[in-house]
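First chain written, first letter: the chains are A, B, C and D, and each begins at residue 1.
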């Protein structure tokens, strides 16, 4: 792990681009409006981990040094999306006017990409990848940006079947040159990002950069990436609570969860294939902390009535001394976009730093932010936080 | 901190006495029955922290090397108490017969002390302290015990008014020689324990050894003590959950709790004075982790219908990004005695080790077990666990 | 019980005045804004019981036939109060402009009365009562209203000590003529309402018209009144759930409740004297449905962080067949003003009908709306609903 | 509806047979042990609706006048099953000895039927039906019983595809004479019960007597039947709570439920086909009370760790005045067998009375006990209770 060259502190200097796949979704809109609000000193940085002691001392890009752009299949402009979020209580109404300029500016940098283009029904996928990379590069040049962090915020995909071509960069390239549907959209995005010389963050449970061929590409180019599936609710609580049972030697017998989601996320995850990738990343944390043999199912229900809000109920049955059965239950009622947005900002700032520090490949130290992080580090929340802060200490020391 | 002399591993050798103030209460009965069950291999050590990796390698006394005795104002013999606990589902019915011999043996070592004796209405308290110490010493000699750990499991007392005599050992001794009611019972017990050359554990929110004069005595005699108020439920969860909000930079606005308790504990804590010491140790953890300014009240209600069980409901309101309000709630439904008993066994084993290691005075490394630990160490559960394991590493290394 | 003269259906004709004590509070503001919204067809009548089949066929005053006025010690004008409620999510932001005219109009009919005037520290209370009655009469004449319903929405008072003068109208009058502080404010309001020839609704747990002397006055004048303490949350659920246990012959052992309230209500009820009248009306329903001997406490906590919202948690332990212990828990998360406001509108409309029908004295058929209704009718919610609908059937049949 | 002949009060006279399909299951064992306990005055009749005022005055058979027998595919004798239930906390340990005689006696009247016999893979089903009927008739004669009530307590079946033969008795008989697998087991049981001149209760969500051909048979023989799917938990609460929202004109937007079940029931319902019939009867109540358009899913999860216990969590989102969103949640933690057993006893006693009163065909007045009752009566719990009590009044008046 290299250390950061202190002579070029980014906070006061260079501007960093943020290229969002899904740039007009609820999370992206909240990210852009929020960065404007924090950059303008209109709101305190609640939810921003990079503003905590131990991290805020790092030479991170300032909130107002972030420049936003991206792709979306939806044409509704960002100011319009922000109004809907304000109506739903996700954004404070009083902020709307104050950040309207930033939303309009970002919206001008959003390319409305038709669905078919990404699905790649006709042309070989290499053509599409080149177009995506060209969009990102144009954005970088247009704004004279030091670096661009590409973030996947688009809808959860189903898990693709494994292919031989996923395992070597050469194989992958050959397939992309000839076939129209080799990679799922999230992985094509990672490929395009690396091709354009950008770092990549997968905030969704989709494939993203999680293929050997893409890792090879990232390492070849010296680019860092991280993911996947932002840890914003039920799984966050699991990773904080499960270690308690372990440390107290209490035997967890079952851990059952039901997640009620409105919004587009609920609708996407209602499709069993998409739900599969989601529930898999949700259950991983318990298996790793508690071991196998814990009973229980995780449900994800689409409840449009809940709008932008989600509620999780978890029921934990455990045995205490001499086998006495006991129970813990919790409910978590949160606004998904408001939980996700500050973490996206954190990741963008930290990735910019990792790029500057010369880190490349999977960034295990950012596991704190994800349900399904790379690597095999301890998935307990506290251990993940210490890993992050330790990295911060190393990267900032001379 | 000294290290342990490896040449005398306690696990295979010396027997350790456990002298319980409140030896016929629900917790004590579960402790004694449980030690017999674990010692006889009749049940796995669920709930015993000292059987976790990192601690079980220590030269701790074996469960069947523990010898129990104590005082109680209640005369109901332990086997009878155990039957009632089995009826209530706290002890497995099938165990009763198998541990009857150990319960009877322990009951023969319980002194039924009349209430007035402890209240000390007539004689100077030094007389009572000497009697208590004599009881403990007789127990030690009767069973030829290597060491005796004195544990306070009696009912929660009210907080005593401060007195000048509490601040120096000399002052305290003078007062005890002449006055009948200087110290509350729990502190008199600590005084007697130290006088008899024993270590002391306060598992209740009462005063115990938490007076400067008693610390002076413990250190003079080279004896360790620890406490206070076993962390068995709501507060345990608080100390695991509150750091999550901190690490994620989420702003906790209020944390409200209601505890419904049956059993004797509920009845005791219904008395406002006793509840005060309890709720004070319960709120300490949040203030220290989250800082001041968190709204909310902690209620402790006596609900005899719940018998040996307790239920806590906690409601946490917090702000996310841009001030969006969110909520988390949890309920914890546990059996108090089954939660407390393995921790008492852990503490006895660890204190025996601390004695052997030559530690004296307050033992901050045992804060993991308590709502209101000595010292100013980080009250996050994970930090407390690391402090404990680090101590274990130091004490066991040559 | 008389029947209504069908030849003068109020819905299409006469206008009804609504005089609110506490006219600028959250509930009152929501009532006035809501009546404007419903009257203008801007929102469906969700929460309005009088719009249910079996009641909506009655010749009730239309929403836009209600004219609002009242007293308040607070000077903040209604449009300003409405803005704050919209910010808090109680009123939809898009409505504010549309009902601004009605809010301004009502605000012109609100008398800002200084606190001391109501406390009546100096002048005999009869003087104050006359002033209040004069305000109401002036309002009635100014708008040429058919009838005026006076509604108490002011802060909960403490329970006054009983006095001989409360028991006869003559005695009460004599005391009012000479003393400055005979009646609590809510009862003085009822006295003034009856004196001015108006019906009276007490939506709070305060004394209101619940004194023999005031009943005598109401019956003498042929005026109806009803109360008390609008049933908007936890108690509503209790009155729906408790009969289930009774009908299924399940034995409820304990029923514990904790209410977390923000807003002014929480602050008021934090004062133990005020909380007393509140918790008494809250526990009445369980005693009457389940009988005595049910353990449990009701807490009311002030949690300003919750703003206009309240959360109740109830824990019910019960015994089933052969004494097996079971548990039910519920949480209710509601917005107090939004729960109360439609009931206030319902009561105003129904009272106008009762006046027209010539009913006088306590109106037991409105017990459905209250935690602590007059009379000894079955407090089960379903029975209360049937009582209401039966009355509607009688009052509307020729 | 006929009235009962008062000259032959059953309570003091005739004995009533109870023939249980699934006679060694948890519910059946609890029913038999419970009847013995209540008959012997060893426990109060908690959970028995027929012991409530308004019903207990009826000439019902006494608890000790019930004689038990039945079929089961399991050979474990009833006293053994009762021991397991006592270990699990379903039956009080102290009762076991006291009711051992009754359990042994009943076990001698249980025919251990091999699975294949009921599946009827070889012989035409008419042969099996005749064998079942012969078993029941032999039981009746052996004990000289006034009447026998047949109760289906066996595992939930999947929903069978409709067949023409289900619609006329003649068609059904012809098919049974020639085919081995016409009816699902529960319906074959109803057929056999009616053939043997017995009334029939379906306590499960299976088909039972719910086919036109079986109704024809029951009415031809003048026999009453009732069902289906005992209402013991989540649905019971729904039928008590949903009317509250209706009466208060609150708009329920979503109602989501998750049921965690241990025991055999959980394992059966894990099979999607069986779960289907269960969830269908569970959702019926909400559709009928609240109307269509309420979002939400009902999950049934098998969690063996919960043993004989079940926990349901329900989340209800609703709109109040002016569309303000609010939430109610509840958890129900119960022991299924202890909830079901007293209802089975109630139904047996009431069916004996219906037989004596000469009622035949579906008995709508018993809808109070079922998730999916016959007929189109109001499914609100209170309305169902009044229907039952009204029937009781009619049947007992001269």
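What we mean here is this: a contact is a pair of C-beta atoms (placed from the backbone, for glycine too) under 8 Å apart; a residue touches a chain by one contact, two chains touch by 3 or more.
If you're wondering where the values come from, they're calculated on a predicted model, not measured in any experiment.
When the partners of chain B are compared with those of chain C, the chains appearing in both lists are A, D.
Ranking A-B and A-C by contacting C-beta pairs places A-B first.
The distance from the centre of chain A to the centre of chain C, each centre being the mean of the chain's C-alpha atoms, comes to 50 Å. Taking each chain's centre as the mean of its C-alpha atoms, chain A lies 51 Å from chain D.
Note on chain placement: the centre of chain A and the centre of chain B lie 44 Å apart, centres being C-alpha means. Residue positions of chain B with contacts to 2 or more other chains are 89, 327, 329, 331, 333. Per the touch definition, chain C reaches chain A in the complex via residues 87, 89, 93-94, 331.
Against chain D, in their complex, chain A makes its touches with residues 253-254, 256, 258, 260, 295-297, 299, 301, 303-307, 311, 313, 315, 317, 325, 327, 329, 331, 333. Across the interface of their complex, chain C is touched by residues 30, 33-34, 37, 43, 45-49, 51-52, 89-92, 95, 236-237, 240-241, 243-244, 246-251, 319-324, 326-335, 338-339, 341-342, 368, 380-383, 385 of chain D.
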